Structures are given as C-alpha cells and as structure tokens.
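First up is the structure itself, then whatever we jot down about it.
When the chains are written out, they are named A, B, C and D in that same order, and each has its own residue count from 1.
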Amino acid sequence: MFYREAGQFKATYEEDSRIFPIRQDRIVFAFILAFAFLGVPLLASLGIVSNYTFTAILTPFLIFSLAALGLNILTGYAGQLSLGTAAFMAVGAFASYNFMLRIEGMPILVAFMLGGLCAAAVGIVFGLPSLRIRGFYLAAATLATQFFIVWCLTKVGWFTNYSSSGVISAQKIVILGYTFQSSMSKYLFVLAVVSVMALLAKNMVRSNIGRSWMAIRDMDMAAEVIGFRPIRTKLMAFAVSSFYCGVAGALFAYAYLGTVEPEGFNLDLSFRILFMVIIGGAGSILGSFLGAAFIVLLPIYLNVLLNFTEAATGIDLPSGLSSSVELMVFGSLIIFFLIVEPHGLARLWQIGKEKLRLWPFPH
Amino acid sequence: MQFFFEVLIAGLLSGVMYSLVALGYVLIYKASGVFNFAQGAMVFFAALTAVGLHDLGLSLWVAVPLTMAVMVVLGLVTERIVLRPLVAQPEITLFMATIGLSFFIEGLAQAIWGANVRGLDLGIDDVPLEWLLDHANMAISQFDLIAAAIAAAMVAALAIFFSKTKIGRALRAVADDHQAALSVGIPLHHVWGVVWAVAGFVALVSGLLWGARNGVQFSLTFLALKALPVLILGGFTSVPGAIVGGLIIGASEKLAEVFLGPYVGGGIDGWFPYVLALLFLLVRPEGLFGEKIIRRI
Amino acid sequence: MTKRIGEVILSFTNISLSFGGVNALTRIGFDVKEHEIRAIIGPNGAGKSSMLNVINGVYHPQQGEIVFRGKARRGMNTYESAKSGIARTFQNIALFKGMSVLDNIMTGRNLKMRSNFLLDALYWGPAQREEIAHRKKAEEIIDFLEIQHIRKTPVGRLPYGLQKRVELGRALAAEPAILLLDEPMAGMNVEEKQDMCRFILDVNDQLGTTIVLIEHDMGVVMDISDRVVVLDYGKKIADGTPDEVRANQDVIDAYLGVAH
Amino acid sequence: MSVANAAPEVAGLDTFPRLLLHHGRTQGARPATREKDLGIWQTWNWSQVANEVRALACGLAELGFRRGDNLAVIGDNRPRLYWAMAAAQCLGGVAVPLYQDAVAAEMAFVLQDAEIGFAIVEDQEQVDKMLEIKSQCPALGHILYDDPRGLRHYTQAGLQSLEEVMAMGRSHDHNQPEFIDGEISRGEPGDIAVMLYTSGTTGKPKGVCQTHSSFITAAKSGCEFDRLGPADSILSYLPMAWVGDHLFSYAQAMVAGFTINCPESGDTVMTDLREIGPTYYFAPPRVFENLLTTVMIRMEDAGRIKRRMFDYFMAVARRCGAEVLDGRPGVAAIDRFLYAAGDLLVYGPLRNVLGMSRIRVAYTAGAAIGPDLFRFYRSIGVNLKQLYGSTETCAAVCLQPDGEIKFDSVGKPAPGVEVRIAENGEVLVKGKMLLKEYYKRPADTAEAIDAEGYFHTGDAGFFDEDGHLKIIDRAKDVGKTAGGAMFAPNYIENKLKFFSFIKEAVAFGHGREMVCAFINIDMGAVGNWAERRSISYSGYTDLAQKKPVYELIRECIEKANAELAQDPMLCPSQVHRFLILHKELDPDDDELTRTRKVRRAFVAEKYAVLIEALYSDNDSQFIETQVKFEDGRSGMVSADLAIMDARVFPAQAQRKAA
C-alpha cells in the first residue's frame, strides 16, 4: 500500500543488487538508524528514555542480536545446529579480558577483534567434527564445547587472572581517551559495533561465501558436486559465526554486565540465543534482531503481566512463578513457531511486506 | 588396586542408571526418529511430582502410581500436540522442538511444585554394604547396588518388551520403516503413544532413584545431557548399545574423575563423557551398534 | 548443419563397481568424444546412475581405469572433477530450495570466483566487480534457458519442469567441458520434453559442450544423441549409433516388457 | 511541466536524422533508449544512439543501400530496429516496418510491392520467414539480424548479423565521418521517411508514404499539445508497423527527445510497465479493457473487508473522480476528502500496481472505447484521453484537450489541422501531416485526396456545439431515415454493445420512419444475471426469449436512447422497437466477418421476415433458420420471437454532466 514501486527500475546490476532495492525500504531503514543513533539519545536527554531502558533493554537487545546473528550464520545459513553459542561468547569475553589485562596499552577495539579471533579459532577446532557428523550428533559435539570451555575457564585460574571467585571485572571501555561510562554512551558504542558487523554479515550472506553456506545447508551433496568444498565452507561458517559470538561475548562482559564469571555463559544462555534464532527466523539477518528483541522483552512483559494480575486479583503468586512461567512460555513459543512458522518472525514480516506491495490486490 | 575396583564398580552401578535413562531415548528415537531432549525434564517432572504428592501426605504406594498416570498422560499429550504436527520434519527440527518441550516441562514442574530442592527417602540408606566391606574390603554403597538392581531389572524388562511383545515388534517395524509399518496396518499413533508412555515410566523410575540419591532438584534435568554421550557411543537405535554405552560412560567417567580429575582440578565428569564419545564418533560415526549410515544422492 | 565431433575426451576401460558384494557395474568400457551427445540408456537398475556417479567421482570403482583428457584418474573426488570441468544434474532434482533461481545459478559460478570472504564482507571494489561480472554470466544463462520471468523466485515454488531447467542452468554456469545429465526428461510432459531437448541441443551446438546423458526411456534420446551405450544389469550390452542400437537384438530383449 | 521539459525549438530540425544529431549534441547524456535485457534496463543515451545510428547507416551504405531504397524492419520493439529506421533515413532511404506476427506469405506481398532489397530483422524466427520467401522476392539481397541465437549454422548468402554490419560501419564512419554528415545534409523534409502498410481489411494492403515533415509536424503538434519533453518516457510495446507506435515511439520521441523503453518480451509487458512507470502511455481500448478485467478478477478473491473498501471507494471515484482530475469546480468538500482518502488507500496503490502512477498523459484510439471503461481510468486519476487519426494522417487529426474530456467525442482538431464535414457527413482532413501518396497507386491517391487537398477519411462524424468531433460510423454505412435525419447504425450498435449484457446489435432505419434493432444477448453476462435471479433456462434460444431478459435489455436500450436524445443530431436515431435473436450471429453462418463485423446486407436479407415484423405492429414473429454447428453439420432452429417497444425521449438541449 505504501510501496509505490512503479518507476523504480534498475539500470545497472549495482542498483539491482543493493541491500534494499526498494526506495521505500531505504527511507524507512535510514529513519530507523537515525532514530537509534540520534533520536534515542535525544529522548534520553529529555528524560523520556530512562537509564533502565538502556541497561535492561536496549544494550542487551543489541548484544543478543549480535550473538543471534552469529548463531544464525552457522545454523540458519549453513544449517549446522550449535548448542555452544555461550561458550564462544565466553571465549570472546575472557580472551579480550586477558588481552587488555596482559598487553600494555592494548586498544579495546583491537582486544575485541582478537577476542573474536580466539573464538573463531576455538570454533574451527570444535567445528571439525561437523565434517564427519551431522544433525544432533553435531549438536552433541557443540554441547561438549559448551561444557568443556566453561569448565576450562573455571578450572584454569590463568584465564580469570586467579580471581578467587572466578569472577572477572571488565576494564573500562576507552577509545581515543574517551571513556564510555554512562549507560547511554555504552549503548551507542554497542550500537555502532553491531551496525557495522550486521552490515558485514549481510554482505557475506549475499555474496559467494553466503551462497556456499546455503548450498551446504540445502543440499550438501549437490553443493560438493558443483565445487563447494564442504570442509572449507563449514569451517568458515564456524569461524565467522564464532567470531560474531566472540565479539558479542566481549560486549556482553564489557558493555552490559561489567563483571562476569564463566558460569554466566552457561548452557541456558546458549539455548536462549538458539531460541532467538528460531523465533526470529533462521536464515535471516533481520530475524536475528527481531528474535533478540522478542526474547529480551518477553520476560519484562511477563513480569508486568504477573504483577498486574497479582494487583488485580489480590492473590500474591509464589515468588518463583514468573521465572517458571517464563520457561513455559519460551518452551511453548518454540514449539509453536517450529510447527506454525518455521521461518519465524522474519517470514511473517516478509509476508506482510508482500501484502503491502501488492495492495490492493490480495497476496 | 581394589580401590580401583571400588571406583570401577561404583561407576558401573551409576552406569546402569545411565543405561536406564538412555533407554528412554532409544525407545522414542526408534519409534519416531526423535531425539527427545525433554527426557531429562521428564525425569525431573516425574520425580518432583512423586515427591510432591508424597509431601502432600500420600504414601509412596499411592503417589508413585498416580505419578505414573500423570506421566502417561503427559507422554500422550506430547505425542499428540508436539510430534504429530511435526511428523516428517527434519530430525533437527524435532530435536529443537523437544528442547522447547523440555523448557515447558521444567517450567510446568516448578510452577506446580515450586523451585526448591526436596528430599526423597525410599527407605534405603546410602551406606557401604557390610558384607563386601568385611569380605572384599570394598566400600560399595548398598543404595547404589539396589538402585542398580532395580535399573537392571527395568533394562531387562524393556529389552524383553522390545524383542518379545507384540507392541515391541510393531515398534521395531515402525523404527525400520514408517510406510511399511503403516501398510501392514500398524497404527503409528498408537505405537507412538505407547512409546511415550513407556518413556514416561522410565523417566519416573530413574527420577525416583536419582532423586533419592541426590535429592529431587533441577539438576536432574542434566541427566539428559549425561545420556547424550551414552547414545552417541551406543548408537541411537540400539538397545544393547544403550546398555553397554551406559556402563562404559559410567565407569570411564568415574575413573576419569578419580584418577584424572585431581591433576586438572576435578569436575571433568561434565564434559569427559562427551569428549570420549566424540573421539569415538570420529572413528565410528554410527556408534557401537548403530546401523551404518549410507548417503545416497 | 554440420557438427564437428572431436577427439576422445573421456574413456573407461573395464570399470567395476560393487556395493557390499552387489555388483552395480561389471567391466564397463566405452568412450566419449568431444562435442558429442553421448547417451547411456538401459532399464531401471541397469546401473546408469552408478556410471554417472563414477564419472564425477561420487563413487570410486573397485577396478578399471578412467582417462579424462589423457590423464588417468581413479580416486578423483567430486570437488576435483568439478574443478576439472565436469558438471552434472541429478535425477531427482537437487537444487538449493532456499535460494532464488538467480542465486542457484550463481552458485554454479563459484569455482570461477576469486574473491575471499573478507572482500565479500566489505562487498566493495574487486568483490563487487567480480560479483557483477558473474551476475552477467548468470543472466546470459537465464536468457539462454528463457527463464527471465522467474529470475527472483525461490526455486522451491517452481513447477517440476522449470526446476529441471534451472538445474541445467546451474550446471551450465560452471561452463563445463563435459555435462552429465541424469534423466533430464524424467517425469516431464511432452511439451516440456521437447523444450528440454531443444535446450540440450542448443547447449551442445552453441556452447560446444560435450554431453553425457542417461535416460530410462529410449524414445527421445535416440533422436538427439550421437552415440548410445546400453547397459543392463550393470553390463554393457550395446554401443553405437542410435540406429545400430535400435537394431541390436539384446537391446530389444532387454527392453521387452519395459514400459516407455 | 517545467520549461526544462519542453520540446526543442530549433530551426532546421526538419528531418529525423537532424533531430537525432541535435539531441546527440544538446542532451547527449540523457537516456534515449532503454531495453530490459539480461535482467536490467540497458540504457543508451542520445549521443550513443546517434553514434549507433551513424554506424548502422554507414554499414548499410557499405552494403550498397542507396538514397530512395526501402528498408524492411521486422521484429518486436527492439532498440536496434528503431535505430535501423533512423539509419535508413540518414541515407535518404525509407523505413518500411512490417507486422512481425504476419506469416511469410503476407510479408512476401509487401516485400515485392516495396521492392525491398534490405531487411533488418529481429531473430531466427524472422530470418526463417525471409529465407522462405526469398525466392519470390528476387530483390531481397541482404538480411541482417539482431539476435544471432540459433543462426550460427546459417550459411545463406546475404545473411549477416547487425553486429558485423555496424562494426563495418564504425570503421567506415571513423575513416570518413563527413560521408554520413553529407548524406544527412542532403536529406529534404519533403523526402519520404517511412512507409506504413495499412492492414488491408479491404483488398491488398497499401503502402502509405509519409514524409519527414508530415510526421514531424504531427509529432510536434502532439508534443506541444501535451507539453511533452525530454523528461518524459514511454513504453514501446505496440507493433512497430502500426502508425500509433511510429508516432509515439519514434516521431514524438525524436521531436521531444524523450526516452523510449522496450520491454523484455511480449509476456513481460505488464511487469516491465510497472518497473518503468512511464509518464506517457498509449494503448488500444482492448488493452485497457483486459487490464480492468484482471483488476476486477484479482479483487474477487480479496478479503471481504478489503473488497468492501475497494467497492466503496470505487463508488466515490465514479461519483467525483473524473471531476477532481479535471479540476472542475462544484465537487463537494466531503467528496474531495473521501477522494483523497481513496487515493491513499485504493487509487494510488492501484495506479502503482498497474504501473500508471507516473502517467501524465495516456491516449487510446483505434476503436470506440466504452464510457464505463474510459470513466474508470479517469476516475482513479489516470489522465486517459482519446485521439482520432489514421495511417494516412499520422494518427493526428483530433485530440482531447486536458480538462475538456467527453466520453463520446474524440476531441478538437490538433493545431494546424483543418477538419471539414462533407454534406454526406464524411470527415475531411487537411494539413501538413497528410500522406504524400499511396506507394505506386496514383489512382488510390487521387481518390483519397480531392482537388482542394482534403483527405477523405471514410468516417462519418460531426462537430458538437463546443467544437468536439464525434465519429459515428463508416461513411458508407451512414444512411437517412424516412424523416431525413442522419442514421448511423454502427454508432447506435456500439452504444448498445457497451452494455455488458448485449453482445451484438444490428440497427435498421435507412429509409424507414423509425430505428429498430436486433439484439444478441451476451450469454455469460445474462446467464449469470439469470442464475442470480434463479431463472432457469435450457440454452441460448430459451434464455433469449425469457420475459425478464427482454425487460433487462429494454432498460439498456432505454438508457442508450436517453443518451442519444441529448444530441439533436442523433435524437431521431433512438431505438423504438427491438427483438432478441434466437441464435447468436456467427461467422460460420456468414452473418459476421471473421473480425466480427456485422454483414448487415446479408443479415437484413436473411432475416427479412423479422425486419418486417419489427416495422409491423405485431408483437411476436415465428422464424426458422439454418445453423452450422461446430462439427460442420447443419440443422434448423426455430422460435417465436417476441418484439418489444422501448421508450424514446424527446430531444433535449442541455446535457447532464458526464
């Protein structure tokens, strides 16, 4: 309906292979970016967006989006299920920590990069089984990663700089002398990183490397026959994916929690991120963000709901209830999406968009 | 030396229980090609329900059968609501669905019974068996022995159930080829129903045993994670595989923990089985007793 | 019109292949000349597909020798054979269901692509230029196969006949020296079969591609192929021009009672 | 439109090659031609086009194409084919576009008639046709093809790819650029630029010779009339051999310097139209009709709410859309608001999905367009207008000025065009855009253009009180009623046929005191209508004679009468009595031509009894007629046909707002 595409013809392949071929999309996206970068801080300065919003919603949302993006590359695009996302995040976080700790004057961004690279390396090592095994055999392998990594980080004191509790406290984020202290500045920092990495991911999935992943996912035998090397392709997916998760982990530690222990990156976190991918939409960059937003906001709304019902009915519900209800809702949502819309929110969005493009005709 | 045997036996004993849990998976996998990640959650749910009912004042003799009933219902419902709509979907999708299921069940259990740890007393105390202590000078918990005995009995029963009973045979047919099974008039959904019910039963028993040992708590759900390496080792479709695998994992895990652990700071039982299983996997992707996987174009 | 058939480009000498004792192929031997259309026919279970899989390295024969462009090769894997210029289609379509027609065809170009994933990630400079260069090639194939109208449709949504065409396109994108077609006309209606024939002939004629195709049904193949090998129960029972083969008694016997 | 978008006013631009070079110089960087090929819109700017044309011309010259030679151009709308026409004109030759879908035999006639020596064709298909008829056309020495696909093994002499010829030409042009400039400067506005063959419904096709000046004048007047300029763009998808396409896609594009866009193929026209979103559009009525039908069908399976909304706003549009578009006063504020809302929710999106959102001016011509159809497009904000013209007049006699749209007129004479009505009602035209002659047919030429230089269109029409021309009929069909009033059967029949219920109509009245008509009901439409009223019927004959059906038809006829009554000239032509035929008029029974035109003489004779009955006062008549069935067998159908009177209205001067 609002898509008025007549006259938006493509005279070059450059135009045709844009990320947003439709002008209206470009406008909307530009608006969203502008809002995220300028609008939100403005509102914050007007006191409309509270600190809480930054620390409890926006920043985690962005970080989880990045992690989900990482997992999506591996699971959604390359079709390799992984339950070890949190482990890769952990590697990223602790590696960055140690680089910062042990190398004098290490720039934070470089540390994050290196952290990501370490995660990538680990990813490759634990991706190796994927060459022999598939399906949930592989899932099992990644589970091993999950347990092993966390165990290592807990047991080997060196990683945590021998802190008795195993808890590390991340160094300050300082770039060119500016310290990202306030929750808002951290948000902007994360936003910048995530935007850039999302763009890079989008570019990858729309070029040869991305096609190789999807080929392996859809029909590995055929992919091999037309000349994609399974080994290379899969390991590349593991590496890139883990890199993204690693950076996400670093941000998780530095820009969100501040202090983390290895146990903070437990299996539950892995599952959470897997859920983001499933609900948001496997094989979709946008989906990673939608999924993250959904999973981040859901518990908040659930709590609001429960408190409301308590207030309304006067019965005070047992303390643990909200968390267990949360579990139940997550669980049933996963099942629901797997049954009803395996491609998740992203697909729903896409369908809606198609409807608008064809308006007033039916889809 | 005999300390080694102590550990070994203890390991084997817990191994038997792994086998038991693993069997729960094999059952469902054979019948419907699902790796039921929710098995662990079911164990937790079963145990919690039984104990919960018990704490409400019901005698175990009432609580357990009651729970049994609940588990059967739960199994049937799962089959109906979760798996039937997903039939013929890729294994991985089903797998993820069961992850969702496990979350749901865990949530449900806690929503009903609360999140705090409950003790369970089956009237068997966890003390070394004098006889062995006197004669072989080995400290083997009599609880472990009895638990293992029960588990072994269950395993045997299931093995027989598989090979001898009509439904068991039907089940094998289904496992081999859904279409064929249908064509010879085996009602798939009944079979699946039964299987899920049995799985529920297995879950209950193992839940009670483990619960009695370590207290009924959330950590029970990790049994699922223990069973995974067992299955990789034994093959997802093989009953003997599950049994042998369970024993191997149980034993090796204990041994590793006791003899390897100290050098690396302990707590390796979390991942050791996996690494073991994976190393094995690289050698023999189809597991100990699993059928060879042939990929066609 | 005149056809220039060249030298022998690919030859087999007593190839034997067996799965756990079951013999799929027994001492098969024949050759393929450059620029020709070579058909392998035979009743179901004659070992046609196995033969094709041997050619592009999916299966490795226990015995026998394969000589491709003068080089003997036994244990060549699928990747290497793709690299050496052998492309193929599959009997039951093996397209990448999640991707658009264009992307599927683009995947066929991957061996010709040089840029690495870092440049891809930046999608800038050489990476973009290369992407676009290959896009042009892909578009030419799309044009050649007359599938412009479905360019951006996910292949999953296409009717069977079109999917087969797209798969052909994906194979062509690799600009192969030898094109293996596994029952290209299986399950098509008459019209679709005619189209497919036209395309196969055009490919062979315009691009000079050598084509090895296997068919279960004799009909169409006889009209378009230069030479035909007939397999039955993993043995070669005839080899020659369509007419020779048609006349061959063994072939007639083999096909007796086989529906087509 | 802004001044930037005004047709160039430079002296000496009196031939197409000069116009082309001028654009190449003055707006070389602007897009001239686009073609959807290999997935994108390949674009050539004016200087590129100019060079391509030079190359092509030089190539042709090298092959021996000389001043005055005729160049056949055959194929779908392809840039190179358009350029070929220009190239021929550069060399003082004549472009002869042919209908690409004609069979070889039909082409043979034209090739012989025009002594074609050079043919530039699109692809293998056309090449095959040429080769097939080469023996019959000895002159045909060179066949140049655009698309080499499938032609690799063709070895025939004289067969060459356009590519080679242009390469040849490029080097030639490079070596002696003055050659082509010289050729162009030798061109005269009076030279014949193009020869369009009139699809001969009567007799063999005739080559209509049009000079540069005639087409340029025609184009100029059109461009000025609608303020067309370089910023405009058009989709060229109609046969190049048709005068309409030549005027819009070639002549006007050259004059105004706007962009032409060639679709990827015949079956992608709709998508291509949507992608390009032209500002200027031309289509014969049937195209608009098909579009409307598809819209309605697609809306059928829309959700209930959406359909409700659609219908509601369509009603609003019918009420005030056209007025809003013409910016006429007297539209209620509420209606304006509703229309704005509708534009946001329905019209805008609809225009968009049809690819018409950027259209400033759209024309239709070639046949009578139904008022409802016409009104639909105008009411959703598409500035659709009618024009009147023919091959002989460069399709530029009358146009409807913006804001003065009447559904049943073809508008006012174009600037510089003189239109007169002969006493027999025939429309006579004079102006620079007239044909020079019929190729090698002096007799026909003399017959068509009279001593005072008026061209006899063969159409009958008249000017209404505000000077709009109304075309009513072929002149030869127009008769007089006994009362002496003009009687134009086709006009009446068309009016009737615009009702969906009426498939065919035959009006009688020549030499009679009143007008009566035969009606064929439209089986589909009336059938549905009957089912909705649960009227059961066995077949056509049965349904045709149902009382309610007669009533239905009578209402239609009376509506038509009411409209006729508004016009003093036509008021006497109101239908007094009618009957519904017991069988459908059928080409197999020689009642219609193959192009479904009524053979009135034959019908009149065959159904004489019925006519008599109409003019008697009995209200039914028995008839028995022979019919041929599909399988060729023939049988008899007989029926008692009811005859019914229709209300007629007194003449009235004032018109109700259209």
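The working rule: a contact is a pair of C-beta atoms (placed from the backbone, for glycine too) under 8 Å apart; a residue touches a chain by one contact, two chains touch by 3 or more.
Just so it is clear, the model here is predicted, and its values are computed rather than measured.
Set side by side, the interfaces A-C and C-D show unequal numbers of C-beta pairs in contact, with more at A-C. Relative to chain B, the most remote chain by averaged C-alpha coordinates is D. The distance from the centre of chain A to the centre of chain C, with each centre set as the mean of the Cα atoms, comes to 41 Å.
Centre-to-centre spacing of chain C and chain D amounts to 49 Å, using the average Cα coordinate of each chain.
Between the CA-based centres of chain A and chain B the separation comes to 33 Å, rounded to the whole angstrom. Of all residues in chain A, those touching 2 or more other chains are 13, 221, listed in ascending order.
The set of chain C residues that touch two or more partner chains comprises 58, 90, 94, 135-136.
Looking at chain D, residues 39 sit in touch with two or more other chains.
On the side of chain C, the complex with chain D involves touching residues 1-2, 102, 135-136, 139-140, 142-144, 148-149, 151, 202, 205-206. Those residues of chain A that touch chain D in the shared complex are 1, 3-13, 15-16, 358-362. Contact residues on chain A toward chain B in their complex (touch as defined above): 81, 129, 132-133, 135-137, 139-141, 143-144, 147-148, 151, 154-156, 221, 267, 271, 274-275, 278, 318, 320-321, 323-335, 338-339, 342.
Those residues of chain D that touch chain C in the complex are listed here as 37-39, 149-150, 152-153, 264-265, 267-268, 271.
Note for the complex: chain A touches chain C at residues 13-14, 17, 200-201, 203-204, 206-212, 214-215, 217-219, 221-229, 236, 240, 283.
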